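Structure, as C-alpha cells:
For clarity, chains are labelled A, B, C, D, E and F in written order, and residue numbers in each chain start from 1.
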Amino acid sequence: MDHDRLLDLLLEAATLKRMPRTGWGMRGVPHVESVAEHSFGTAFVALALAQTVAAELGHEQGASFDVEQVLIMALLHDLAEVRLTDLPVSAVRLIPPDVKSQAEAAAISDLLAPLPAAGQLAALWQAFEAGSSPEGRLVRDADKLEMIVQCLRYELAGCRGLDEFWQAMDGRRWHYDLSAALYRRLKAMRPGADG
Amino acid sequence: MDHDRLLDLLLEAATLKRMPRTGWGMRGVPHVESVAEHSFGTAFVALALAQTVAAELGHEQGASFDVEQVLIMALLHDLAEVRLTDLPVSAVRLIPPDVKSQAEAAAISDLLAPLPAAGQLAALWQAFEAGSSPEGRLVRDADKLEMIVQCLRYELAGCRGLDEFWQAMDGRRWHYDLSAALYRRLKAMRPGADG
Amino acid sequence: MDHDRLLDLLLEAATLKRMPRTGWGMRGVPHVESVAEHSFGTAFVALALAQTVAAELGHEQGASFDVEQVLIMALLHDLAEVRLTDLPVSAVRLIPPDVKSQAEAAAISDLLAPLPAAGQLAALWQAFEAGSSPEGRLVRDADKLEMIVQCLRYELAGCRGLDEFWQAMDGRRWHYDLSAALYRRLKAMRPGADG
Amino acid sequence: MDHDRLLDLLLEAATLKRMPRTGWGMRGVPHVESVAEHSFGTAFVALALAQTVAAELGHEQGASFDVEQVLIMALLHDLAEVRLTDLPVSAVRLIPPDVKSQAEAAAISDLLAPLPAAGQLAALWQAFEAGSSPEGRLVRDADKLEMIVQCLRYELAGCRGLDEFWQAMDGRRWHYDLSAALYRRLKAMRPGADG
Amino acid sequence: MDHDRLLDLLLEAATLKRMPRTGWGMRGVPHVESVAEHSFGTAFVALALAQTVAAELGHEQGASFDVEQVLIMALLHDLAEVRLTDLPVSAVRLIPPDVKSQAEAAAISDLLAPLPAAGQLAALWQAFEAGSSPEGRLVRDADKLEMIVQCLRYELAGCRGLDEFWQAMDGRRWHYDLSAALYRRLKAMRPGADG
Amino acid sequence: MDHDRLLDLLLEAATLKRMPRTGWGMRGVPHVESVAEHSFGTAFVALALAQTVAAELGHEQGASFDVEQVLIMALLHDLAEVRLTDLPVSAVRLIPPDVKSQAEAAAISDLLAPLPAAGQLAALWQAFEAGSSPEGRLVRDADKLEMIVQCLRYELAGCRGLDEFWQAMDGRRWHYDLSAALYRRLKAMRPGADG
C-alpha cells in the first residue's frame, strides 16, 4: 500500500471542513455550515431513517437496508465537492447536467484511488447519484431532509429569506413515506406555521 | 413510531455543527473546526483504515472489520458532546473519569432513545469507549489520527503552538500498526520536520 | 516573586477571550460572545448595580458595598472556565454539582497561586459561589442580568429561539429588588412584548 | 425603465460580498476574502496600473488607456460568480473551458439586462475574457496582481501553504512590463525571500 | 516611477478588506461587511445609476455623466478609512466636521502620492466630498443607496434593530429623482412593509 | 432613579463586545479581539500588577494601591470607544490629540450620567487619562501590558507582521519597574527570540 497517497486523501478530504454550503451564504445566513458538517448530518439522518423505515414496515416487506452501504454513500455523497466546491442551484442551472455528473465522477474516481476497494466505493457513489438502489434512494432522501433540518434550525434562530428551500422540497417526490412525513412535520415547525 | 421525538433528535444532533472543538481555540487557532466536522473526518478516516488494514493483512488473518459497526461508532463517538460539549484535556483532568463516563453514557442513552435499535447503538458506543472490539479499537485510532490530520493542516496553514497535540500522541499505543505508521508519516510532514 | 508564573497566569487568563459562551451557539446564535466579554459585562453591571442599590436604599440601611470585592468577584467568577470551559445547562444536568464545584475550586486555587493575595482572592470567589456575602449576592445577580442584557441584544438584532433563557430567569429569586426591577424592564423590551 | 428589475440586480450583486474566494479556504486560510473584496481590489490595482503604465511609457507610444473601460471591466470581471460561485483551479480542471465560458457569458447577459447599456457592458466583459483590447489585457494583469497582493498579505500575517499561487504566476506571461516588474518585487517581499 | 511606493499603496489599500463597517456590528449584525465590500457595491450602484439616469432623462438634457470620474470617485470615496477606520454616526457627532475633513484629506493626499495623477484623483475625491459636480452628487447618492441595499439584505435575512438607518435616509434630499425612487421601492421591500 | 436610562447604559456598554480592536485586523490577524475582551484583560492584568507591586515593594514604601480605583479605571478606560470606536495609531496621527481627548471626555460624561456616582467615575477616568495618580499610572501600564500579552499570544499561534507593536513598546517609559520587567520577559518569549 502507498501510505503517502492514502494520507494525501485524508488531508484533502478534510478540506470539506472549509468548504461552505454556498446556498446559505448567498441568502445572507451569517453562520454558514460546511460540506463536512452537512455530510455528518446526512449520515446521521440516513442511519435514523434506515432504522426507522425498517422498523415501521417490518423486515418481511423488504424494507431492510444494508446500513454499511447507506453510511458509505452518505459519507461520500458530496466528496467530489472537495475539488468542485458546492455548486448552488443558480450554478447548476448554468452547467449542463452531464458535464457536472462527469466532473463529479472523475473527481470521485481520482480521489478514491488510494483505497483498496476504490471500485466498490465508486459504484456505491454511482448508486446514490442514480438512486438505483434502495440504499441510494434512502440517502437521497436523507440528503434533502438534512438540508431541511438545517434550514429549520436557521429559521428557529431568526434567519429569514429561506422560503426557496422549502418551495423546492414541496414539489419533491420523496422515495420513502417516512421522509415525506418527517418533511411535513418539519414544515409545521417553521416559525409562523400553523404547527 | 413517535416522529416528533425522532425529529427532536435530528434537530439536536445538528447542534454538533455549532459545538467547537475547544482545544484549538484555547491555543489561538483562528478558525476552529466543529465536533460535527471532526465526526465526519473520523468516519472517513475509519473507513479508510478499515479497508487498508484488511487489505494489508489479508482477510484470512482475521483483520476484516464489520464496517457498519465501524461507521456507526465513528458517527456516534462524540454525540454526547451535543449536551456535554467538547471538554478539553484541561477539563478532563479536573473531572473524575467515571463521572465523565457516566455523564456521557446517560446522554447517549437518552439521545438515542427515539431510534428503534437504540440499545444496539448504545452498545456499539460502549464498545468504542472501552475499546472492547476490533471495530472499537479501530475507531479509537481513527479518532486520534483525524485529530492529527487536522492539526497538521493547521500547521501547514501557518498555525503554531500545537506541539502538545503531537506530544500527547507520541506516547500513544496505537491499536493497529497502520495507525502508527500513518502517524509517523504525518509527523514527518510537519513544517520544519526532517520529512 | 516568580514573574514567569505570573506571566503564565496572564497568558492563560487571556484564553477566556477564545472561550465561547456555549449556550448561545447551541441555539444557533451566529456571533457568540466569549467568556471574557461576559466577564467584562458582569463587572460593568455589578458596578452599576452596587452604586444604584446603595443610592436607592441609602447607606444607613446597610446597602453599601465593598466595591473592590464586587469587582474582583466579577472578574474572577468565571476564571475557572479557562480550564473547564463554559458548561451549558445541558452539561450541568449531567455532572453532579459537587463535582463541578470541586473542579472549579481546584482550578481557581491553582490558577491564582502566582498572585500574592491568592488566598484572599480564592475566598472572594468562594463567597461569590456560595452567595455568602452581600457582595457575592450582588455579583450573582449581575451575572444573570448581564446574560439577559446580552440575550435581549441578540433578540433586538433578530435572533430567535432564546425563550429558555428568559424562562430560567422567570423563576429566579433575585437577591436585590433592583435586579428584579431591571429584569422586568428588560423583559418588557423584548421584541413582541407589551413594553 | 423597470426599477424593480434594476433593484433585483443591485440586491443580487451584493451577494458577491458573501461569496468566498474558495482557493484560500481550501488551503486553510482562516479569514477568507470575498469576491466583492477582490473585485474592489482589482479595480484599484487596475486604476493604478493604467495610470502608471501610461506615465512610464508616455502617451505618444499608445500606452494610454480608456480608464472608464478599465474600471467597468474590473468591476464586472467576476460578476458571473454571483450565480456560478468562485470555482477554484481544482474545479476548473474538471469542467471543459467552453462550458465555463458559456455559463459565465449567459450569467453576465442575464444579470446585466436591466441596465440601459447592457450590450456595451457585456462586450467589455467579453473583451476582458478574451484579452482582446489593451484595457482587457490590463485588467487581466490586475486580476492576477491583486491575487498576489492578497496572497502576500496573508503570508506576511503568518499564513503558509500558499506556494501554489506563486508557482502558477511564475509561468505567467504578463501583458505589461510593469505587471511583471511589480510581481517580481512582490515575490521578493515574501517572508523568507532574499528581498 | 518608484515601484516600491506603488506597492506599498496596493498593499495598504487591501487593508480595506479587513476594515469593518462599524455601524452594523454595533447594532448586533452578526456578519459585518467590510469597507472594501461597500466600496465595490458603491461603484456598482454608481455605474447602474449613471447609466439609468442618463437613459431616463436623455442625453440632451445634460444628464450624461463622465463615468470614468464616477467610478474613480466610488473607488476612492472611503479610501481614507484605511487609516482613519470607518467612523460611525456616534463618533462623527463627537468630532468636529472640519477635523474629520482635514484628516481625510490629509490621508487621501498621502495615500495617493505614489500615483502619477495623484492631484487629479485627489480633486475628484474633493468633488465627491463637496458634492460639487454632477458626478460627485451621483456617487453621494450611490454611497447611501448601497448602504440601504445592504441594510435591506440584512433585514431580509432576519436582522432587526436597523430602523435608524432608514430613518436617517427618510430625511435625506437625494440629488437625483431616480435615487429617491429607488429608495422608496427598497423601503417598500422591507419585511413587514406594505410593499 | 431612572431605571430606563440605566438599562440604556448597560445595553450600550455591551456594544464593546462587538467593537473590534482595529489594529490587529489591519495587520491581517484573522481572529480579532473585541474592546470588551481587552477591557477584561486590562482589569485582570491591573489586579495582578497591583497586588504584585505592593507585595514586592512592601506596603510601607507607599506602593499600596486603592484596588477599587484600579479596577474601575480598567473597566472604564476604553468605554468611550462604545461611541468613538477603537482608533488605531494611523488614525490617532491624523486627529489632533485634544480633539480626541475632548471627544472621549464628552462620551464618558454622557455615558456615565445614569450612574449615581457619575462624577467620581469620570474623575477616575480622567486620572487614568492623565496618569495623575498611582492607580492611573498602574492601569496605563496594564493597558499596554495586556496588549503585549495578546500580541504574544497571536505570535505564539503563528501570526506574523506585528513587530510594530513591540517597537512601540520598546521606547516606552513604564511607570513601574515590574511592568518593565514583565515586558522584557514577554519579549523574550517571542517566537525566534533568544528566550
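The criterion applied here is as follows: contacts are C-beta pairs under 8 Å (C-beta built on N, C-alpha and C of every residue); 3 or more make two chains touch, one makes a residue touch a chain.
Keep in mind that what you see is a predicted model, and the values were worked out from it rather than measured.
Comparing contact pairs by residue number, the interface of A-C is reproduced by A-E among A-B, B-C or A-E, since over half of the pairs coincide. For the pair chain D and chain E, the fraction of shared interface numbers is greater than half, so the two copies use mostly the same residues to meet.
In whole angstrom, the spacing between the mean C-alpha positions of chain B and chain F is 41.
Note: centroid distance chain E to chain F, computed from Cα atoms, is 33 Å.
For chain C, the set of residues that touch two or more other chains comprises 18, 28-31, 153, 158. Viewed as a network of touching protein chains, the structure does not reduce to a path, ring, star or complete graph. Contacting chain pairs in the structure are A-B, A-C, A-D, A-E, B-C, B-D, B-F, C-E, C-F, D-E, D-F, E-F.
Interface of chain E with chain C (complex): residues 27-31, 158-161. Residues of chain E that touch chain A in their complex: 30-31, 153-154, 156-158, 191. For chain B in complex with chain A, the residues that touch the partner chain are 1, 3-4, 6-7, 9-11, 13-14, 16-18, 31, 33-34, 36-37, 39-41, 43-45, 47-48, 51-52, 54-56, 67-68, 71-72, 75, 115-117, 145-146, 149-150, 152-153, 178, 181-182, 185-186, 189. If you check the complex, the residues on chain D that touch chain A are 15, 18-20, 22, 25-26, 28, 82-88, 90-91, 93-96, 99, 103, 106-107.
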